[in-house]
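Down below is the structure, laid out as structure tokens.
To keep things simple, chains are lettered A, B, C and D as they appear, and every chain counts its residues starting from 1.
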Amino acid sequence: MFQLDSVTKVYPNKVVALSGVSLTIRRGEFVFLVGPSGAGKSTLVKLLYREELPTRGNILFEGRSITRLRRSQVPYLRRRVGVVFQDCKLLPHKTAEANVAFALEVTGAGAREIRRRVPAVLELVGLADKARAYPHELSGGEQQRVALARAIVNNPAVVIADEPTGNLDPQTAWEIVGLLEEINRRGRTVIMATHAKAIVNAMNRRVVALSRGRIYRDDASGVYDDGYL
Amino acid sequence: MATFRSLWRGFGEALSGVVSNSVMSVASISTVALTLLVLAGFLLAAVNLSHVAGVIESQIQLRVYLDANAAEEDVRQLEAQIAGQPGVVGYRYVSKEEALERLRGYLGEDQDLLEGVEELNPLPASFEISVLRPDLVERVAYELQGRPGVDKVSYSAEVVRRLLEVTNVLRLGGMTLALLLTGVTVFLIANTIRITVFARREEIAIMKLVGATDWYIRWPFLLEGVLLGLAGAAVAALAIAFTYRWLLDMFYDRLPFLPLVTPQPLLQKLSLVLLGLGALVGVVGSQISVRRLLQV
Amino acid sequence: MATFRSLWRGFGEALSGVVSNSVMSVASISTVALTLLVLAGFLLAAVNLSHVAGVIESQIQLRVYLDANAAEEDVRQLEAQIAGQPGVVGYRYVSKEEALERLRGYLGEDQDLLEGVEELNPLPASFEISVLRPDLVERVAYELQGRPGVDKVSYSAEVVRRLLEVTNVLRLGGMTLALLLTGVTVFLIANTIRITVFARREEIAIMKLVGATDWYIRWPFLLEGVLLGLAGAAVAALAIAFTYRWLLDMFYDRLPFLPLVTPQPLLQKLSLVLLGLGALVGVVGSQISVRRLLQV
Amino acid sequence: MFQLDSVTKVYPNKVVALSGVSLTIRRGEFVFLVGPSGAGKSTLVKLLYREELPTRGNILFEGRSITRLRRSQVPYLRRRVGVVFQDCKLLPHKTAEANVAFALEVTGAGAREIRRRVPAVLELVGLADKARAYPHELSGGEQQRVALARAIVNNPAVVIADEPTGNLDPQTAWEIVGLLEEINRRGRTVIMATHAKAIVNAMNRRVVALSRGRIYRDDASGVYDDGYL
């Protein structure tokens, strides 16, 4: 699904966030991305939906180069990739409901479909009663769950979640991970950057560990490991 | 279908954009209204100035002096010829007696000078002719020169030339200023709308990240710009209509001799111009900044 | 010390505010510049109109006709009395011959009328007197009436009245418009600066949460407003100075008889007014919105 | 230090975030605030530094009523309370360094003191090398640590941290909690809203558990407990 070929990302302020990262993620995989704060997890994720372009190296999505994608094609890539942003990125002037609906509307979905799917997915993340609330009226964990609802409402081929449980209590966090597992079971690829050691250890899935911009470990069924540099 | 739906969605989005950014919207609308008001005031002044200049010009006359012993037949034929000249908007027969009366008027306090002359009355009868534009005076004069019954044709070449210059400068200056002011208005309004859009750059960035196409993002902002522009223009149009009628009344009381333009067809056209400008500027202002923000 | 330091801090903050919000700052500055430019243009036009009106008024004259057989002594005394009248700005002796010449000028093409009168020349000699303001005409006339050597004093009451009316309306209208336009300008600029401050409301909220006092937050915004206002005003002042000189040259070529105001002391004062207005409006605009945002 | 007397908070949209909460926090205590997403932890915390006012009930800080504080006195309360906001709330146009310095400047601290303390506290949270970076150039965890640095630079009487480790890997999270413990050992009061079960369990400190706006449990040396309603 994704193929990264010795990808390096240097930000304009000369920070090297990734250096020579090569990685293949196959369709239907469930991948944890772990590593200390500032290791480059979010940067890697941003490259996948083309929020950032790599400084060197190439990235393929379903065999086609993301880096050489035409500008007008970018929205179609992003519709196939549902993203939970680390800082949520909800539209401040839209209710929770409208934020989720927006991701459907951009794809040209019909009003009936929107009316059917939005409440269903809000129910799924446990926020049916907050549908009419604006982002600033939601707690941290509630915002994160709205962001997740928006990412999956579209039924995208890949779900990328950047720290989707950082503001959630363990029980709610487990429910959310269970949801992602269910999505994965239906054949979708799931990539999750996380610090939740307990979850990573219990799930026994593929773990890609980053440290200082390099892949430090890549285990098919790994655990969270504090022993990196 | 999908396109139609997303057109429709634009209206809702635009309206909720106006409402949820109410402080900015009020600021935009009042900027549009005020700048268009100033522009409209200036345009009205220019139109009236031009109208007054036109009336002054229309008072440009030439005078055909009649032979002291011209036949009545000749005078009647001459009258027909004058009436037939292209560019002639009016003419009037001035008898010898009327001419003397007028001279008295000219002289004012120096009447005594006419003593002894009055019985004789050496002044000739004449036709006073008004032409459409000052540049037609010479043509008409040339045509009438030497016709039977005509003694001579006179007009003040100097006065005509100078009047032409002044009214031309007024017209040119007024038009240039109106154009400049329109430019300024457009720029100011576009600026305001750009700032309000710019203040929402994070929203635009988020929309892009969620997979919205450029056009999908632009369309509501375009409509929002149009709404703001139209709202402001409507306020300006109403205000200017009331003010102009009030000013006309006031001027009519104080300076009744000023030939001002009547409100009706004028204000209607002006309102259309204002609404058009408001909408245009709303579109341009929002699109420029949205385009720039989309580039990122 | 602490206060002084935080005053000083304000400058750094204000400058970095201008820089880091560059799009908004450019928009604000250009709005300030353009609106002030329009205002300045209008003020210059008003000043010139008023000046022209003044010159026209100063050509208001009254005429003292001399007795045909006035003694030279009387004439000399009368001249001294005229020169001594308060409000008289100039006078001129017009001989009988000059008077006849002028009448010829009046009559234009109707010269023949003077045949036979010329040798006699019944026209009296006179003094033409210019007074400072039209409302002084009657007073001066009353003073000179009946002095030795004076036949009669004449002036056109109607013309004076009408001229007074027109110039008064011009002045009043000009001043009202200038005031209104100043109000509009202030409002537009304040609007723009308010929007740019409003766009940073989250920053203000954060500052408050971190324990900044209201004044600590306001001060940099106040300075930023002043900076934006002054920058815009400076641009406007430069632009208007160049434009005015250029316009003067152009008018001088085309309409040399128009008595326009020379640039020097005028432009200097205008620049000060513009800078003052820019700064003021920057302060007011930023403070109004900061205050409102602080209320929360 | 803080005394809450049957405090109720109803938001304008009729959501009851806290109902009848009474709580005393003594000087020098280290208190964990736990509870599921949306339980009212952030709301409780916001009442303490007067971001929100209670709908009913009273709150005392050092014996004086916060609710009846004059507007002009609020900044002085906030300077005695260092807060790590759940959403960081960094000033976007200031570097990490300048953000931290700002909290000192508002108190009227001298330039020398600022130059001395800001680098020291950035070093403490492990961000000495990111001093010149702007918030949008920082990773999620780095932003959180800048927010912590800003909260403590002032040496405030109380440190309130709302989910300060949500975006941190376990090791960095432990370092941060160690830092808060150190601050507490020097006599400062620390209040930490968190979902980090492992940390709460290991620290063995006072735990106040909220659920649906009510205090569900208040143990002097408690553990994280998933068994709430």
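Annotations
Simple rule for what comes next: a residue touches a chain if its C-beta (ideal position, glycine included) is under 8 Å from a C-beta of that chain, and two chains touch if they have at least 3 such contacts.
The model shown is predicted, which means the values in this text are computed figures rather than measured ones.
Between the contact lists of chain B and chain C, the overlap is empty.
Note: the chain lying farthest from chain A is C, by mean C-alpha position. Here the spacing of chain A and chain D, counted between their Cα centres, is 28 Å.
In this assembly, the C-alpha centroid of chain B lies 67 Å from the C-alpha centroid of chain D.
Averaged C-alpha coordinates give centres for chain C and chain D that are 62 Å from one another. Viewed as a network of touching protein chains, the structure reduces to one closed ring of chains, two contacts apiece. Of all possible chain pairs, those that touch are A-B, A-D, B-C, C-D.
Listed in rising order, the residues of chain C touching chain B in the complex are 23-24, 27-28, 30-31, 34-35, 37-38, 63, 65, 103, 106-110, 112-113, 115, 117, 122-123, 152, 154, 156, 165-166, 169, 181, 184, 187-188, 191-192, 194-196, 198-199, 254-255.
On chain D, the positions that touch chain A within their shared complex are 11, 13, 15, 34-38, 41-42, 86-87, 133, 137, 139-142, 145, 162-163, 166-173, 195, 197-198, 224, 226. On chain B, the positions that touch chain A within their shared complex are 2, 5-6, 9, 16-17, 20-21, 203, 206-214, 216. Taken in their complex, chain D has these residues touching chain C: 49, 51, 72, 74-76, 78-79, 83, 85, 89-93, 102-103, 105-108, 110-111, 150, 154.
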